[in-house]
Structure formats: C-alpha cells, structure tokens
Amino acid sequence: MSANGQDLIQGASGEWEVVIGLEVHAQVASASKLFSGADTSFGAPPNSQVSLVDAAMPGMLPVINRICVEQAVRTGLGLGAAINRVSIFDRKNYFYPDLPAGYQISQFKNPIVGEGEVEIELADGRTQTVGIERLHLEQDAGKSLHDQHPNLTYVDLNRAGVALMEIVSKPDMRSAEEAGAYLRKLRAILRYLGTCDGNMQEGSMRADVNVSVRRPGAELGTRTETKNLNSVRFVEQAIHYEARRQVDLIEGGGQVVQQTRLLDTERGITREMRSKEEAHDYRYFPDPDLLPLELEEEMIARIRSELPELPDAKRARYVAELGLSDYDAGVLVAEKETADFFETVAAGREAKTVANWVMGDFFGQLNRSGLDVADSPVSAAQLGGLLDLLDDGTISQRIAKQVFETMFQSGEDARTIVEREGLTQVSDSSEIEALIDTVIAENPDRVAEIRGGKDKLVGWFVGQVMKASQGKANPQLVNQLLRDKLLAG
Amino acid sequence: MSAGELAGLGIAEARRRLAAREISSAELTADCLAAVEAADALNAFILKTPETATEMAAAADARLARGDGGLLEGIPLAIKDLFCTNGIATTTASRILDGFTPPYESTVTEKLFAEGAVMVGKTNMDEFAMGSSSETSAWGPVINPWRATGDNSQRSPGGSSGGSASAVAAGLALGATGTDTGGSIRQPASLTGIVGCKPTYGRCSRWGVVAFSSSLDHPGPMARSVEDTALLLQAMSGHDPKDSTSADVPVPDFAAAIPGDLKGLKIGIPREYRVDGMPDAVETLWSTGADWLRAAGAEVVDISLPHTKYALPTYYIVAPAEASSNLARYDGVRYGLRVAQADVNDMYAATRRAGFGAEVRRRVLIGTYVLSAGYYDAYYLKAQQVRRLILRDFEEAFERVDAILTPTAPEAAFAIGAKSDDPIAMYLNDVFTVPGDLSGVPGISVPAGLSAEGLPLGLQVMARAFDEETMFRVAGRIEDAAGFDAKPAAWWRGES
Amino acid sequence: MSVDKATVRRIAHLARIGVEEEELEGLSGELSSILNWIEQLHEVDTENVPPLASVNHATLLPREDVVNDGGDPDAVLANAPERHDDFFAVPKVVE
C-alpha cells in the first residue's frame, strides 16, 4: 500500500500501478425481450423462447419494449447520471452463430444514459468514487454450446434479444478489491432499483474487465479485456492474474498487446480468445429499422419520483435516525433483502437491538446453513415476535437465543416454542428467593467474602441462581433480590 | 369468351362484374392461371401457385355470394417474391434462400388477402431486388412482353420488380405487388407500359418483406390503370405496429381522389432532370405531359432540385451499406442454403459465395467497405448529409408546387444483356426515381406514349409526403390525356 | 479511391463472402470504378448539415412488455439446414 492509499504492485524493477475499468452487462428485468414479445425467463428448453424476430427470419423487424427503456432510465437516475432525451440504436456487425441477424442492436454514439457515479466502501474504511462513463441498451446474443458434440457447436437462441444494460465505468479502479467493491455496489444498486435481478450464476450480470499497468502517474498502458466474468471472485482473480502477467511481460522486455482474453476459472489464469484474434471492424451505423428514441420529460420525472431509497441514502438514515454505527448501517444496507428484513423487524422496535440480532444470531445461522436472507426459515415477522417476548420480559436473553435456534430449525413462531417448552421467564419473587436461599446456604465462604467488601462476587451468585433456574429466572429480579439479601446487612 | 379476356380486365371493372355476379372469381382466376401457363417464355414467375389461387378464388366466391366481399374480393394478383408468404416458398430470387418456407405472412400480403385478393404466383425479380433489369435472378432474366417494332430481340422489363411488371403487362394477373428501393416499381412500370406507384415511406409496412435497404424499401402496387393502382394501394396501406418505421396516419380513399381537374394546382418541372443523352421521345413526351396538365387546369412552373445529380452516388452508398448488414443473416445457420465446411467461418464464406449472385456480392462488398473503419465518415456519413440536402430540395420545392412531373426513366426498355457488364450504366437507369426513394415522397409512373421503336414510356408524378391523393389526381389526368391503350403483341403465346 | 487486392480480401472476409484469388483483380477494378464514381459526392458542401438516417419524422412507438411471442421451437427450427434435437447445429466454434 502506497502513501496515497493506492495499491501498487511490486515488480522486479519497481512499483506498478494497475488501472482497471469494468463493462458490466446487466440483464434488464422485463417479462419480454428488448425488441420482441418472447419470454426472458431463465432455464427454458432450447429455442422455446424465440420469436421469428429473435431468429432474424427474413423481413422481421424490431419493436422496442417500453419497460426496457424505463428500466434503463431508472438505472441511470439511480446512478445519478445524465439521461439523454434522444438516443440512437446502432447495428454492431459481426458474424457468430449465436448472433442471428449478423449484427447486434446496440447504442454506440448516442447512448440513453451518460455520465454518473458510484461510491464504494473499502475494507479499511476508505470510500471512493468510481465514475460511470455511460449506460446503453443492447440485445444479448444466444448461447453456443461447444461441449455437446465432438465437431459441432449447438446454438440456443433463448437469450438472443434479451435486453441488456451495458454499464461502462471509467478506468477509476486501482486494485482487485476496488473492482470487487464496485461490482458489489453496482449490483446492490440495480437490485434496489429492481432493474436487474443481479443473479450472477444465471448470467444476469457479467463483467468484462479492462486491465492495464503503468508506472505510478505515467500515461495509461495498453489494456487487455477479459470477458464474461460472472462472479466477483472471478473478476478479482482475472485482475490479479492480468496485472502480474502484464508486469512480468513488460519487465521481461515484452509488450502488452491489446486483446480479448478469457479466464480459465479452474486454473485462475487468463488466455487469449482464439475466436477474437482478428482485429474487429464492427461497422456501426444507425439501425434503419428503428427511429431515434425520444424520451418525454414527464416520463423521466415520474420515474425519478418513484425511485426507491438507495443504499447510500439508507445507510446515512440508519446512522442519523436510528443511531446505528456507520459500520452496522453499511452491513445492513449492502443487500436489499437484508435492509428490507431489518426494516420490517425494526418497525416499532428498538433499532440497535434489532441490528444486533440481525447481524449476530440471524446472520450466524444463515452462514452456518449456507442460506440467503430470502431463503431464511425465520421471517422478519417471526424474529420480531421473538424480540417482543424478550422485550416484555417473557423470556430472557439466553432463552431467546435458544428459542431462535429452534425457530431456525423448525420455522415455528417464538411463542409456540416458549409455551411448549415452558421457557417463560420466572419473575415470581418468592420462587426466585427460594433458589437464592439455597445458593447462599451452599456457599457460606463466598457470602463472607462479599460481606467483607468483595461486591463483585454478586455477579457470580447471579450466575449460580440463573443456572439453578435453568435460565428462566428474570436476571434483573435475581440481581435485585441478591443485592437485597447479601449487601443489605 | 376468349382466353385472356377476363385476365385482361381492369381491377375496377372486374370488381363490378364480380359484385354483379356476372363472372366468378373462379372463372377470372382460371383465365389468369391459363395465361400464366402460356407465358413461360416471359419467365415472370419463380413459383406459380395455381392450387392456392383456386382455393382462394373459391373462398372469394363464397364471400361474394354472401355479400361480404372485401375491397379486392376475387381479384387475381401476382406477388413479388420478396414478400414472405405463409407456407409458400419465398426466395427473393436468390439461391441463398433455397428451401426456405416462411411460417408467416407479410403485412402487405396479409392485408391484400384479407380484402379477398387471390395469389396466382410469386414473381421473378432481380436477386434481393438489387438491379434495374430483372436479370440478376438466380432463375434467369425476366423478359419484357414488349418488343421493338420490327425487332424480335428480347427486352428487359426493367427491375427489380420485372416479373410483376411483365405479369401485369402481359395480362397474367390484374395487378401485382412490387417494392421500390431505387425505382424498382416505377422504372419497370415505365418499361412495360403499366402503372406503378411507390407510396410515401412508411405508408406500407415492410414487415415480412425481405429487406434490401431498410430506409429505402417501399412496398407498393402495380396495375394497368391509375384507378386500379389506387385500389391496390388502399388495401396495402395502414399503420403496422410491427414496423417501427410505419407511419401512424389515416389511409384516405385514394381512388376517390382521382377524378377532377387540376385547377389551383401548381406542377413543377425540375430543370436538373434534363439529362445528357436523353432520347428525343422522352424529352418530347415530358413537355407534352406538361401541356396535358396545363390543359387540365394546372399551372406549370420550372423548379430546381439542385442536388439531383448526387442522388445516385448517395444511393449507391446508403443502399449497399444497409444491404451489407441486412444480408448478414443469410449465414447458413437457421434457414436457406448451407455449403458444408468443417470450420464455421469457411462455412459462412462458402455458403454466401454460392448463395449470392455477382451483383449481390458486389453490393455487399461495397456496403461493407463504406461502413468499415476509416471510411465511414468519408462515405456513409457524407451520403447521409447529402441525403438531407436532397430531402431539403423536395421540401423547398413543395413549398412552391403541389406535384412534380418528370420522365420515369431516361430510356425505353433496353435489350437483355445490354448493360450487364457495366454496373454504372445500369445504375443510371434509376436517375429519376432514386431521389423519390431517398426523400421518401410518393411517386407514380403512368404510361404516356411510345418510343421511336414502339416501346412504352412513362411519366412520373411526385407529390408531398403522404399526399398520394394529389399524386393520383395528376396521374389520372395524364392517363386520360395520353389515352395509352397500346398492348404488346402476345408473341409469348406463340401468336406472333 | 482505388481498392487494392488486399483490401478486397479484407472486406470479403469481413462480409464472409468467399473470393477466389483469381477474382481479386477483377473485383478490385469493379469496386474501384464504382467508388470513383461515388467520389463526386465530395464536391458537395455538407458543412453543418446533420446526417439523415430516416425520412420518417416520427419517434419510436414502444410495445408493452408482454410475452406474446415465441414458445414454438418447431417454427423457429423448421428451416434449419442442420438441427440436432431442438438446437441449431453448426461446425464447431473454437473460443
């Protein structure tokens, strides 16, 4: 780590700075495709979600999907970006078996969204702004399966024509950690906005990573582009490998060649993509089947007014209004589902207690069982019910933790478990006094020590009494009664 | 009744007789089918569809009997093989679409069939509509039914809608569909002595029409009279939500706009259309046409369309550029021809080499070149800028005049093969029609006279965008005044 | 503008159109003469003239986001030169 807080990497000949930019392809959340009425759902049988437009049959024409346009505008507003009132769809021409028309409809010179920014938080507490260069709408290609037949590639066009937002960052990142943080943050924002489901395993979000290295502060070096990375870990892996490869290459007297690469995820290395060896000449030109896309100010204003609270704003509110620490607030807002869960539980309850429970026992159980918030067997309402029992003294903190574990296994309500297992806290002072008397009678030496001035031993007696009650005694009451008995004299 | 008599009826007259039950669509269709069968020498059809036609005619007769016939109920038409027809092979005159049967119907043919039209077959044309002579078809050239006086050599019907033009001129169908990208309806109409109309861009849907150049392709009608052409256009027009460039404007009653004099109308004669080497007959016919319009009450004025000379070079950038992209889908993967190869790029190259003819390959290469890195600004962008200047020429002219009168083509039908070796000489045939495609304004060719060799010549009327009504009215007065009733001798039936 | 043989080869590859070596010369001549004829456009002053992509003055009319198409793999695959199950099959692509 250098003095200015940037991550430099050490080569044989000195320090190198890594410069990283990301192009993220995010599938637009929509029922039908960008230019056809075919379904966009994941996992359907091959070629079952393909219209004749998607298959580029002769004479077929594209008609734009209103919702896809609105989702792009929503995303742009969520990224604090400029919305372009007029944008143009261009054709990007190249041949590939899963690109039916021989061109992809994209936006080249006039994208729908211009410059914006994303704030990222790093592990050491630093925050940093990553610039967004642009966001444009384009069609996805189909899927080529190369491993189904020894000398054939199979083509499934279900994805062909699905709407993507390509979100291009500025080359503002300097380490794999920053790139990872950016990707996680971008994903969170899209999910808050509801414009992309962010499901990276299903390919709803993929990143192309541009990496170059240079001497700190020098001119930008030649970059490589590693394509189609579908997890944060792969993005980080590709950056680590590429940065080191480029430094070694340059220090060994070689030159970085601008090229497209693929990550071998098993070996953690990148290699040149053979099908992209030739220099591309995409021959972009405005798609004559589509007119310029003009947005009405009222539409933009309506979408702006409907924007949900985004993670940065939510985090600030948790700190300012709920009194949470910045760290806790950051953890709770990182995923939309977590924030939603937290807010449901916290409604009408003490926020800090709720935060501790969500981040403590709740996250702990989820981690142990490998589940996401969305799959939790304990709903927000159920956790709230448990906290209410704790709050009104029905159960103790210790019992609450025990009940929560049972809830997580069985999915039952807290009250059901407490009642069935007789876990209600004992607040009857005569019952507790009987227990106290027994404990005092059994420990005359320690009683003497207390009376001799060692007040702190009261805590030990509280523990013994609680143990004798199997945790059900009200600890405040135990404490009070013990003090009365041991210290009063 | 003699063979071909019914097939020779105008659409308007046939409608009247069908409605009056004097004739049936079955009889009318059978007469057309017989004429088609006897006309193989014209090579006007890529696919004859007699069974489909007979079924459609029977259905039309049933509807006529119930009294709920459509605008074109029972009228036999020829359909250019660029229109996709559901369940019927569509080739666009190219080997590349070998074996392709569309599972869908183009919007225009669907509208025609919804109005009761009967399809007699799919007409021959220049491959992918790229040509002005209908010679680049993979199925061989279309022959013009017209021959020069005292000369039995075969003439081109023009193109690219040459099959439709020959079919209509020879009385094989009462009307036809065509498409006009650089003149492909109007020029063959002129060369075969029929009427052909290119409506305003956006008037007729392009959905299901195999794309050549999307910003220039105009589907439109061809028939033997202005009224028949108006009736066909009526049925073909209308907003189509499936075509984003289709215009959401009302469709007027075009035929109703034809009658009437031209009082109060100003007709422009563009001086730039007087080109070197234009035959005297064309020049004379043009000024005669102006006299006819004056006599019908119009004021005829000279106008200037200063960028006319740049229309053809502009067209030969825009059209090939769009075509190079539009034709990328013919890759041997999902339909049509595939030439087997072990490597996918070799498969593409071999398939497209074998599937496309020489002119298509030439235009795809030109289009690829003008869009490629380093040349885009010098060619494509420049062409788009000049295209705007050409549109402005028309917009400014239409501030002064209501219609423009020009010759349709610079010459009458030329001999088959006369221009095959010289692409630019071929391209020059569209000099008067290309500006209308680049600017999108409607144009119609009306047969108005004969050349010195006895071959038909047409005059073109252009009007403001979406003012086909004025265009039809002016065309109607030319038709009246010209009284063109010459017919080609039916040599193809072996009668000559 | 003259289009040399190397350029013809390059654009033919971009366009995926097979061209035999002995055709290059002829194509080079044809394309050059067409481009030379097109060059007359450079006489026109287009300073500050906005390019015209479409004569249609309208804007895009969007469709609603409803699923009303697809669901018929046979219609999509019926014309395929080579079909394996419900996939299009092509010579193997090496990535």
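Letters A, B and C mark the chains as written, and numbering starts fresh at 1 in each.
In the analysis below, contacts are C-beta pairs under 8 Å (C-beta built on N, C-alpha and C of every residue); 3 or more make two chains touch, one makes a residue touch a chain.
Fair warning: this is a prediction, and the values are worked out from it, not measured in the lab.
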| item | value |
| --- | --- |
| Pair joined by the larger number of C-beta contacts - A-B, B-C | B-C |
| Chain whose average C-alpha position is farthest from chain A's own | B |
| Chain occupying the middle, per Cα centroid | C |
| Whole-Å separation of chain centres (CA-atom averages), chain A against chain C | 40 |
| CA centroid of chain A to CA centroid of chain B, Å | 58 |
| Chain centre separation in whole Å, for chain C relative to chain B (CA means) | 24 |
| Multi-partner residues of chain A (each touching 2 or more other chains) | 52, 55, 63-64, 95, 97, 151, 153, 155, 281, 283, 288, 290-291 |
| Junction residues of chain C, two or more chains touched | 14, 16, 53-54, 56, 58, 60-61, 63, 75-76, 82, 88, 90-93 |
| Shared interface positions of chain B, touching two or more other chains | 100, 103, 215, 241, 244-245, 324, 328, 331, 333-335, 342, 344-345, 348, 368, 372 |
| Complex contacts: residues of chain C adjacent to chain A | 14, 16, 53-54, 56, 58-71, 73, 75-77, 82, 84-95 |
| Chain B residues within the chain C interface of the complex | 99-101, 103, 201-202, 215, 241, 244-245, 247-248, 307, 309-310, 313-314, 316-317, 324, 328, 331-338, 341-350, 352-354, 356, 361-362, 364-366, 368-369, 372, 378-379, 381-389, 391, 423-424, 438-440, 465 |
| Interface residues, chain B side, partner chain A - complex | 84, 90, 92, 97, 100, 102-104, 106, 206-211, 213-215, 241-245, 321-322, 324-325, 327-329, 331, 333-335, 342, 344-345, 348, 368, 371-373, 376, 380 |
| In the complex with chain C, residue positions of chain A that touch it | 30-32, 36-39, 45-55, 63-69, 88, 95-97, 144-146, 148-157, 262, 273-275, 281, 283, 286, 288, 290-294 |
| Partner chain B, residues of chain A touching it in the complex | 52, 55-64, 91, 93, 95, 97, 100-103, 151, 153, 155, 281, 283-285, 287-291 |
